[in-house]
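Structures follow.
Okay, so subunit A shows up in both of these, paired with subunit B first and subunit C after.
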Partner chain A sequence: MRMRMTRRRALLGAAMSITLLAAGCGSSDDSTDEAPAATTVSDADVEAALQAGGNLTVWAWEPTLTKVVAQFQTKYPKVKVNLVNAGSGNDQYTALQNAVKAGTGVPDLAQIEYFALPQFSLSKAVTDLSAYGAKALDGTFSPGPWTSVHSGEKIYGLPMDSGPMALFYNKEVFDKYKIAVPTTWEEYATAAEKLHTANPKSYITSDSGDAGFTTSMIWQAGGRPYKVEGTDVTVNFDDEGTKKWTGLWQGLVDKKLLAPTPGWSDAWYKGLGDGTIASLVIGAWMPPNLESGVKAASGKWRVAPMPQWAAGEKVTAENGGSSLAVTEASQAKTLAYGFLKYATVGDGAQIRTDEGAFPATTAQLTADAFKNKEFPYLGGQKANEVLSEAATQVATGWSYLPFQVYANSVFNDSVGKAYTGGSTLQDGLKAWQEASTKYGQEQGFTIK
Partner chain B sequence: MTRRTWIGWQFVAPFLAVFALVFLAPIVYSVYLSLYRTRLIGGTSFVGAENYTKALHDPQFWSAVGRVSLFMVVQVPIMLLLALLIALAIDSGRLYGAAFFRISIFLPYAVPAVVATLMWGFIYGDRFGLVGNINDYFGVHLPDPLAPDLVLASIGNIVTWEFVGYNMLILYSALRVVDTSLYEAAAIDGAGQWRIIRAIKLPALRGPLLITTMFSIIGSFQMFTEPVVLKTIAPNAILTYFAPNYYAWQLSFGGQQYNYSATVAVVMGLITMLVAYLVQARAVRKAG
Partner chain C sequence: MVAAPTIRPAARRQPLPKKRRQAQPRNKTLTVVTALMVAYTLLPLAWLLISATKTQEGLLDSFGLWFADDFALFDNIGRVFTYQDGIYPRWLLNTVFYVVAGAGGATLLSTLAGYGLSKFAFRGRRAVFAVILGAVAVPPTALAVPTFLLFAKMGITDSPWAVIIPTLMAPFSLYLMWTFSNEAVPNEILESARVDGAGEFRIFFKLALPLLAPGTVTALLFNVVMTWNNLFLPLIMLKDRHLYPITLGIYTWNQQSQTVGGDVVFNLVITGSLLAVIPLIAAFLLLQRYWQSGLAAGSVKQ
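Entry: the complex of A and B
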């Protein structure tokens, strides 16, 4: 049975490549890479594929997709969508990379965080969507996420949600110790000291070294450590923006003003609940996580704009957020694109927003119903007013490494030492830079 | 002549087929992988022994080997000595409730390593764990068991807790098969308990002690579960090259360096074989 399956697939593959070859010969002398772009798929083709039906497998851990899939199948009864949770983040990337390498069991669509997308587009695991008319969606999404799914002229996924950063804080704790909500990082550092002095068990926030947080903070401070042009890569943490951040944060680390609790651990959730971790600078997707993970603090948390480097500035960065991408190995790309559009810009965008996801689409972000939504968990605050404004203030020009997944996985080997007293953040980042460039060289990138 | 040879092969064939498939094939495949290199840019190419040269000069790999070697030199003797003492105590027949004692010391071995490590992780927590509670209650400040310089000792404690009962049981069962007439003879000769232990029990335990030592050495070199589980609560103390197996795992799943990962695995396998062989050779020479 297994044998026969493999055989049939091999035959199919052979047939496919012959077709591709024929198409390539017919049109021009373009390399096979360019062949799909030549045959543009129109919206009508996509609609036809949706009506004709078929099977799709989607790998995603985003909980609101469940409802999207249900509604989608009601609208297009001939399409059967199999939504699989293959793990969150890195676990899923590992599974996906293994499937791609093995050549079997690859899903049609996969959730991929923005920082990881360059790695998958470079290894041609995901397909360029410009051939399916994705370029026409320009202006549909807020600029931050829309830039994140681009690699040059090519578009490798559609934004599913976004994570413009904001300051989430425990109002009860802030009020108790008479701490004003900080608007600048200087005020934030003062508040950190004031809080910890007043109650040695309380910390302004927790940090024990988190690659995603660190890069987002450098992003806001104006640092642009990664420069990527094709396979030419530059890594440099010796710039002004990075130093601005390490200068501030090193002070907090040295004075032991940060709870040494790793994010997303049990101790972390507990600290968020009992007031010992009093604030978080994190992506706008946080409210549902607080609601489900930190029930003890219901009604106590609020959202404020991210602290600034100079009073009066309005600059934020992205933290987290995912795209949904069509895999290169998918046998039903047109159909997959149909689902992708439904989930990210069609009815799915509204369904997911209603379910609590933070949208990446301007239509949802600017809708009155969205902005005026009151969050009972956040004491009835209209939090989206703050968060959607943050979405418009994301600093431009940031890019991640084409091997960011790996770089993040070894972050604590080097920068972690700064948190245990063995090094400084700036030296740690230098060591991380060296580890990243070494890996880049080994993988054949040109490091400049 | 030839016919007789073929019949022999036919009898051995089923075993050989399974042996080749499940033992030899993975090793051969690892060696095969280790001779190539796959890059994100440039694809796969044959590189011969290049990966091996790299491994021999890889400070991260050798720091991992050093860490498990230190672990082996300190933890294995402590654990085996404890197991030996307990086995002798239970076997002495002077212990009240020996059966209960035996089963409760063996029990941790039945706890899966992941669960055991999670449990100890909670105990070690200096903010919300048992260590934290002790600090709060007595107003003391115990050193953090998950700090970078203590985490190896903390893992040693977990591993000892897990395996002391298992080793004790092997030693104890060896003591049970000692011919009781030896003890009678010793009693007639007027030998005391210490004398009996030294002259009868310890010599009887020579073989089992060698076996438990070998298992423990191999176990130390294969350290994996404990650091992986503790990484989530001690991200800065557990490095991605904490132990050789952890390093191989990180290389292959964190960095897609399957070829180099296979190399590290092969080199580590050779080192383990060498150490195990040396220990055995030494023990055999002593016995001779």
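Entry: the complex of A and C
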């Protein structure tokens, strides 16, 4: 029908749909109307903006960006980048939401973790980058993070780093109690029991309820509890993959084989240092944190592939990691995109990798220098061989809720109880599902 | 941290020390309870002091309430002042500025307003009072986000004003000053001064203010402690690290331990906290002298 419209009517139609979009009520079927607006900004436009210069404000807590900004300003002296640490994680998301709501003080770019990105893309706080040629970057990033910045056909950020999961373990402790490095979850459970029996103070790992870890574990096990199609959302923890994980983990919880230490606390760092927390299944970005926070255990830790659900499988999931996104409120989007590209795929990707970040770009992940890097902290192990392989094995089809920040904040109210014996993991997840559903409905989502 | 003392108006009527000859025998239960309270209050401070002498590794390896093998207090202090290009002293000065301007201003305003509400009958006085009592019940934290949205419209977020202006509103200290004015400033004095031809400002500054001194100092202590310890308001309002008060600064250092690739500096967080409470304790001890002497001075013959 649209094909037959006269030119004038088509123009009118386009104008109307822009008005509708501006009013924030564009219906899903006019998404094709947005296409003409896309691809209007070419690489040359971006380069011109970089040469012309201007001011950019970047909100990020990622420490390696400091060096990226310095190098960027040397290369493009007319651009002044104001790098602001507006808080880590949730603190920054709150600040960003407040600023968007207030309509002033919104930065041009913001670091947003993958799990939080849908929340900001759906509320149109961050802008669709396909209009700036981001689609051409297909294949530049490893599939896990690249999928994470997509919402349908739209791209709401570029991956800064990634966190394909692996098993970090304290080799000294494993050797002392003659425990073989587990390759399957069954072996992992056996190792957990063997270790704790040999030394009641030692645990295979710590977990007192962590939403990010739980969702990543379900991800690897094949569970897909969240399905998101626009504003239609499904939350369902009653699937096979989820049950696989709860079956394993419930056993560890029941036998008290997990240290009840909250992650990232001083007690956690202590446990990682003195061998009472003997391993971690966590994202590939972990080595710098071990080096900085657990100096006492230097030389004792190693990296192995994530344990599998069936022997011989090679499936991992993403844990953590951040994107950098351009805000809708930015007055210099083209320039912002220029910086974004520099920081994530340009020189910035290498600078950040050299500074110890775990890259999301295939060029860095597959480089020989990267793979052959020996980590003195990890006893000289070429850990990136394991980690970059893990990046290629991330299971596909995962999505987070468009209100995951909220959902994660109430995780411990429901699933947390399972760790203190007040509930089971499966029941806890069911309660979490209900809490998420309720909140989603209040926010106007259609929840199935 | 140190709790602010409350003034008990009744204390002013206590017999003077010399009259206390027939003092009651010491109550053992009371002594034990007091000792427990002292331990409860001082243990965290002791922990802070001991922990500040440890390195990052020592902190994790040793028992919390005793020293580690390495004594790194001075090293830690040095690093606190130089870490991240020496931003800590800047944060300290910011806090001092916010305290002087915010808590000082709040005390001045609440003394004026409390005295005014107490001594002048005007239309709507009861309504004003009801609003103030209501405001005492609203936690400042609940107002932080609406205040942010308001300030964003005015364009003063991320500036010192965003911290100072909300701090100036201190309903509790206003309430305190109202009560204190009722008790400590006899209307007879004001009337005789008026008969003698003194203006209202002269009466306030020359007569009322000295009588109000103990109350003012108490209100000041309250406001100083509140402002010094305020975290949430600056967290919402400020983005520029160079405007952070000490609380927010130390909080960001602590957050680094939970950040991918972040520098874990628990030792600096602890030493920084120790250094941050010292001025507060000093202010307290100094001002305490004043409000104690003020207590005696406040016993007016009626």
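Here is the rule we use: the second predicted complex is superposed on the first by the 411 of 448 C-alpha atoms of A that agree within 3 Å, B and C clash if a C-alpha of one lies under 4 Å from a C-alpha of the other, contacts with A are read in each partner's own complex, and residues count from 1 in each chain.
FYI, a residue touches a chain if its C-beta (ideal position, glycine included) is under 8 Å from a C-beta of that chain, and two chains touch if they have at least 3 such contacts.
Computed from a predicted model, the values in this text were never measured in an experiment.
**Student:** In the superposed arrangement, does A:P288 touch subunit B (first), subunit C (second), both or neither?
**Tutor:** second
**Student:** Is A:T64 contacted by the first partner subunit B, the second partner subunit C, both or neither?
**Tutor:** In the superposed model, A:T64 contacts subunit C only, not subunit B.
**Student:** Between subunit B and subunit C, whom does A:G105 touch in the aligned arrangement: first, second, both, or neither?
**Tutor:** The second partner, subunit C, only.
**Student:** Between subunit B (first) and subunit C (second), which, if any, makes contact with A:A296: first, second, both or neither?
**Tutor:** In the superposition, A:A296 contacts subunit C only.
**Student:** Contact-wise, after the overlay, does A:V410 reach subunit B, subunit C, both or neither (first, second, both, neither)?
**Tutor:** first
**Student:** Considering only the touch criterion stated at the top, classify A:G422 as touching first (subunit B), second (subunit C), both, or neither.
**Tutor:** Once the two structures are laid over each other on A, A:G422 reaches subunit B alone.
**Student:** Identify the partner contact of A:Q51: answer first if only subunit B is touched, second if only subunit C is, both if each is, neither if none is.
**Tutor:** Once the two structures are laid over each other on A, A:Q51 reaches no partner at all.
**Student:** Regarding the shared-chain residue A:K270, is it in contact with subunit B (first), subunit C (second), both, or neither?
**Tutor:** In the superposition, A:K270 touches subunit B and subunit C alike.
**Student:** In the superposed arrangement, which partner chain does A:S42 touch: subunit B (first), subunit C (second), both, or neither?
**Tutor:** Neither partner.
**Student:** Under the contact rule defined above, give the subunit A residues that sit at the interface with subunit B and also at the interface with subunit C.
**Tutor:** 94, 266, 270
**Student:** List the residues on subunit B that touch subunit A in their complex, please.
**Tutor:** 39-42, 125, 127-128, 147-148, 232-237, 239-241, 250, 253-257
**Student:** Which of the residues in subunit A come into contact with subunit B in the complex?
**Tutor:** Interface residues on the subunit A side: 90, 94, 97, 119, 122-123, 208-209, 231, 259-262, 265-267, 270-271, 402-403, 405-406, 409-410, 412-413, 416-417, 419-420, 422, 439, 442-445.
**Student:** In the complex, go through subunit C and note every residue touching subunit A.
**Tutor:** Result: residues 56-57, 59-61, 145, 148-149, 152-153, 155, 157-158, 235-236, 239-241, 252, 255-264, 266 of subunit C touch subunit A.
**Student:** Using the touch rule from the top, collect the residues of subunit A that touch subunit C in their complex.
**Tutor:** Residues of subunit A touching subunit C: 59, 61-64, 84-89, 91, 94-95, 98-99, 101-105, 161, 163, 264, 266, 269-270, 273-274, 283, 285, 288-289, 292-296, 320, 322, 355-357.
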